[in-house]
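A, B, C and D are the chain letters, set down in written order, and residue numbers restart from 1 in every chain.
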Amino acid sequence: MQLVDVSLRSGSETWLYPLSLTLARTQINVLLGATRAGKTSLLRTLAGLERPATGRVLSAGGRDVTHVPVRARSVAMVYQQFINYPSFTVYDNIASPLRVAGVAAREIRERVTAMAQTLRLSSVLSRYPAELSGGQQQRVALARALAKDADLLLLDEPLVNLDFKLREELRNELPRLFARRETTVVYATTEPHEALQLGGHTHLLVAGRLVQSGPALDVFRRPTTLPAAQAFSDPPLNVIPARLDFARGSALLADDMALPLPGSLLATLPRSIDGVVLGLRAHQLTLAPGDEPACRIDGHVDLAEISGSETYVHVSRAGLSLVAQVPGVHRLSIGEPRTLYFKAADLYCFDERGALLFSPRY
Amino acid sequence: MNEAPCSFHRGIDGMAQIQLIDLGHSYESRPASSRPARAHEADPWALKPMTMSWNDGGAYALLGPSGCGKTTLLNIISGLLQPTRGRILFDERDVTALPPESRNIAQVFQFPIVYDTMTVFENLAFPLRNRGWHAADIEQRVREISAILDLDADLGRRARGLSAEAKQKISLGRGLVRPDVAAVLFDEPLTVIDPHLKWLLRRKLKQIHQQLRLSLIYVTHDQTEALTFADRVVVMTHGEIVQVGTAEELFEVPEHRFVGEFIGSPGMNFLECAWDGNSARIEGIVIRTVSAMRPARQDSLAIGIRPEYVQIVPGPGPNCVPVHIVSVRDVGVSTMVALEVAGRSAWAKLRAPCALSASERTFAHFPPERCALYAGDRRVA
Amino acid sequence: MNGPKPVNQRAWWLVLPVLVSVAFSAIIPLMTVVNYSVQDILGPTQRVFVGMEWFREVLRDSELHGALLRQLVFSGAVLLIEMPLGVALALAMPQSGWRASLALVLFAMPLLIPWNVVGTIWQIFARPDIGMLGHALTQLGFDYNYAQHSMDAWITVLLMDVWHWTSLVALLAYAGLRSIPEAYYQAAAIDGASRWAVFRHIELPRLRSVLMIAVLLRFMDSFMIYTEPFVLTGGGPGTATTFLSQYLTQKAVGQFDLGPAAAFSLVYFLIILLVCFMLYSFMKDIDTRESP
Amino acid sequence: MSSRPSRAFPGRTLLIALYCVFTLAPIYWMVHMSMRSNEAITSTFSWLPESLSLANYIRIFTDPAWYGGYINSLIYVAINTLLSVGVALPAAYAFSRYSFLGDKHLFFWLLTNRMTPPAVFLLPFFQLYTAVGLMDTHLAVALAHMVFNVPLAVWILEGFMSAVPREIDETAYIDGYSFPRFFARIFLPLVKAGSGVTAFFCFMFSWVELLLARTLTSVDAKPIAATMTRTVSAAGMDWGTLAAAGVLTLLPGALVIWFVRKYIAKGFAMGRV
């Protein structure tokens, strides 16, 4: 499946700027981006629910399907709301695409039963969707989409409306469900860690533009631009504007604090560069110095957010606010002075227009 | 009964402010649109009888999945719901039969509730005016609260045109404006807030608690919200309080299997084990734990260990069990390893990237100081 | 995501049946009316174009001025009585249980009675000789006779309309009240709000759109009232209760003045359209002034 | 279950009670009259029924001119309700789901038909239906009533349909449903309640209208409401029969209300809750 120069507009609003994108066949393709970045528009264009203003949509075989109506395409879709046919039982819901396609009754029964088994819906087949919990309703929607065995399976933030623990559970099940199929999966999400946990290919969208594509970890570790690094970062990427001081081999922050930079970094930078933007992922910051020599930034605690197994420590100092993702539970009071440590080798370096100058090695 | 772990005192800094005495609730006739059937539906208690007390000036969170009874408990405290059993005391005064307006509490709801026709100032002043405050005092208090919530610029505007965030801040402000309340209750107040703005409001709430020293009770299903906000978190499931503790306690020392599974991502591993009369064994290997007591029951024993503390080691040793690696996934900030231990699946969450591969057979080390024994659902001391 | 509705010109096919069915009974007759309004019909085949003649005549017609004035007073009185009464009834309705069902069914009853039967019911009810109301008033010493005294006729017609239509306002307001989330009342209780404050600051603002519909419906229907007073008073005594529709019918069917009747029809229709539009913009205006 | 905050205000029960009495009194009086003979009515005044006579009702049920009126009314009301809901369903779907050239103007124009005084159309209707040979048929009345019922039906149904998430339609198209099949199998069951409410309103407004119904009929399709004007005879008003006929016109309405009593509140919210 391939999009060529596709753009999407509605009235005066542009949802997608012209972009070309090739989906990795029979893999999970994650569309990652903030709300209104164009994920849903892209999914709807792939499904045929929206006609692109420009460009073409090509099917796996290279056939132009831009103007093929939705009904005639081999796609299935799962929405973030739990969309099922309220007047059908769970069984009829799962069977519905098969019935429309004219599959033989016996085969329908077999496929629905098998699908219900996989998604643990066997005991509720005769109930109506409204009688089910949110997690079950979304599993019904998944089952209906999977039962169809379409070439293209689209999922639009399917877990976002579920309770935290249910989300975790279903997220672990999903890759297993997709793995057995000859289906190209496109999964839209706003959450970077979801993209990482699902694996596969990640396509980063920022404000209606495709900024980077590639295997999830590659995109995460080697963003080509600052917006890409920021889009694929949760908690947010720590962004530190600095001036370079090649003589002393360090970067000067806004309040003239000097950060020593590794020689390997400085060596790659042209001498003409003055201002840069340093990027640092939250999990690279620690509350205690490690064994290796580390850089340090002093500041005051804004808030320690405890997620359960981790703590997000928000620290600020003159014009700079940072967030550190540290393992374990740390209760820190607001305003408490605190030092954050990190290794200079973990810094990303971008020029002032956001292009990557240096990326840490993995 | 399950009352034992629920009652506690916080040293000498004053008497308990809110006391629940043998409090329980059941809905005799469930509404037709009630929640879907669950395994425990036969249980008549929406809230099992409980006794506990909450201190003046504390920040508490009621945490649990939807349908666990936390909102029922909140509504009983606020007086919107009459408990079918037990009493509730504010400062030793029995308020069980009092309506909300006579209870001296404030509440902030899940969705912003503002009086559309009033300005922001009038909204904030409303609870004070209704109680006959003098105009000058109202003015001063409203300015104080609006300053804390960054609402100063909007004070003269009508509430209806504002964003959801601003409206919810008005709701928060109306909850906080009365200085003499016994408690301010929050019912998932950040639901409508944009995810990337949530931490700012969480911070506001913490600051407010430090500045105003009001007693706050916060209901949520979001563990981050509860653990970040509260000094003490009350974890509930199936209408029952299973643990009350600080964030550290809930993470390090879950008293109940539910707490272990619910807190943390992924939750705690529970691995079935046998009891040989002296120690716990998995596949015949002795597993030492921090539990010093002998388990009261010998069946359904399990070793609980957090995925963060599981170590993958190349060979056997003390507290090491053979494992089968199911999958290895580098998720950027850590490596998630799915294991199979004695036929049970478990997670290991490793900080550093590792050179493991799926379907490999190796060993997992469970550090004894990180392991605890669970008999049934409860942790063995 | 709730984006804008997709543009789809083929949706016209779905609207076509409505268009055809309504156009048949609305556009063709309207054309006829427009046609008549500018012609003098002298015979089946003899017509003369007279331009604005009939309009001028109609606008100078003092009988029509009288009917229009009565109509405006009547519609104004209807709105002033039925709106507050309907809202009060909606507020007073039981919240749930069999009482609520009973009240709903009772309230809906007058709405489902054929309009001429409404007139008949009130005729039987209010006549001084055989009617309960008329008899009672006479017994109490009032010289009540709606067939002879203009004032009595007026009050009776108004009372009949209140009886007939207040339920509609009450039911609309009741439905609007039911859609206010419970949490608003809970918040108000906790804030210590008085019953009046709850009404003023929660219920009334949230009933705004429903009440707008009610005002428009009541205005339109009262402005077009025909059957009920026709049966009850026949427009009398004299012309005391002759409203616009009756006057129009007299002109068109009774006197067969087709041209003036048609011109009058158009003026009538335009007045309704204009007043509805004014009411609508007025209420919209309040709406926008409330939210700067 | 929950102790709802009090919404009571002083005198609320009294207000409801008084209004119920006000609503019931004229109806009671008509029922009372319907069971008295004409002589009794005009000679003696009585607050309470002294003898329950069904003579007036028997007269109606044995005279085809009387009961025929009921049947005529019910026939054109039924035709009108079916046609109105039938044409409004696809149109309301179009308004709730798509934007198309002139959609807002069309919707507004439809609503203006609700604002047209029936008196305005009396004569043109008469001529039009005479010209197409529909005079004095049930269809004529049904069609005429569609002028105000179809706009109303579109308006109410549009509210109900907008409450159904658009994603359901899309899911069905993705599943391979054709539009007619989707509409019949999936969408209609979802707006069942809305269609019921709409039918109720169409029934109501067609049933209570007389002016057009009377103008467009003479013999074959004459509605009951028009038949009632016959009771003025040489011997003065036949009050008893008139009251009995009036009582009988209440029954269909009362019956319908009873069936939809649970949905009345929702119906008046027009699906826009």
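In the analysis below, contacts are C-beta pairs under 8 Å (C-beta built on N, C-alpha and C of every residue); 3 or more make two chains touch, one makes a residue touch a chain.
No experiment lies behind these values; they were computed from the predicted model shown.
The minimal number of chain-to-chain contact steps leading from chain A to chain D is 1. Ranked by C-beta contact pairs, the top interface belongs to chains C-D. Distance between chain A and chain B, defined via averaged C-alpha coordinates, is recorded as 28 Å. Centre-to-centre spacing of chain B and chain D amounts to 55 Å, using the average Cα coordinate of each chain. Centroids built from CA atoms put chain D at 16 Å from chain C.
Residue positions 4, 6, 186, 189 of chain C each touch two or more of the other chains. Annotation for chain D: residues 2, 5-6 touch two or more other chains. Along chain B, residues 80, 99-101 each make contact with two or more other chains.
Chain D meets chain C in the complex at residues 2, 4-9, 12-13, 15-16, 19-20, 22-30, 33, 41-42, 45, 47, 83, 86-88, 90-91, 93-95, 97-101, 103, 106, 110, 112-125, 127-128, 143-144, 146-147, 150-151, 154, 166, 204, 207-211, 224-225, 228-229, 239, 242-243, 246, 249-250, 252-254, 256-258, 261-262, 264-270, 273. By the touch criterion given at the top, residues 131-133, 136, 163-165, 168, 190, 192-193, 196-197, 199, 217, 220-221, 236, 281, 283, 302-309, 312, 314, 325, 327-329, 331, 333-334, 362 of chain A touch chain B in their complex.
Contact residues of chain B toward chain A in the complex are 35-38, 65-66, 195-196, 199, 202-203, 206-207, 210, 221-224, 227-228, 246-248, 251-252, 261-267, 306-308, 329-334, 336, 349, 351, 353.
Taken in their complex, chain C has these residues touching chain D: 2, 4-12, 14-15, 17-19, 21-22, 24-26, 28-30, 32-33, 36, 88-89, 91-95, 101, 103-117, 120-122, 124-125, 129-133, 135, 163, 166-167, 171-172, 174-176, 178-179, 182, 185-186, 188-189, 195, 198, 210, 213, 220, 223-224, 226-227, 244-246, 248-249, 252-253, 258, 261-262, 265-266, 268-269, 272-273, 276.
By the touch criterion given at the top, residues 47, 49, 70-71, 73, 75-77, 79, 81, 83, 85-88, 96-97, 100-101, 144, 148 of chain A touch chain D in their complex.
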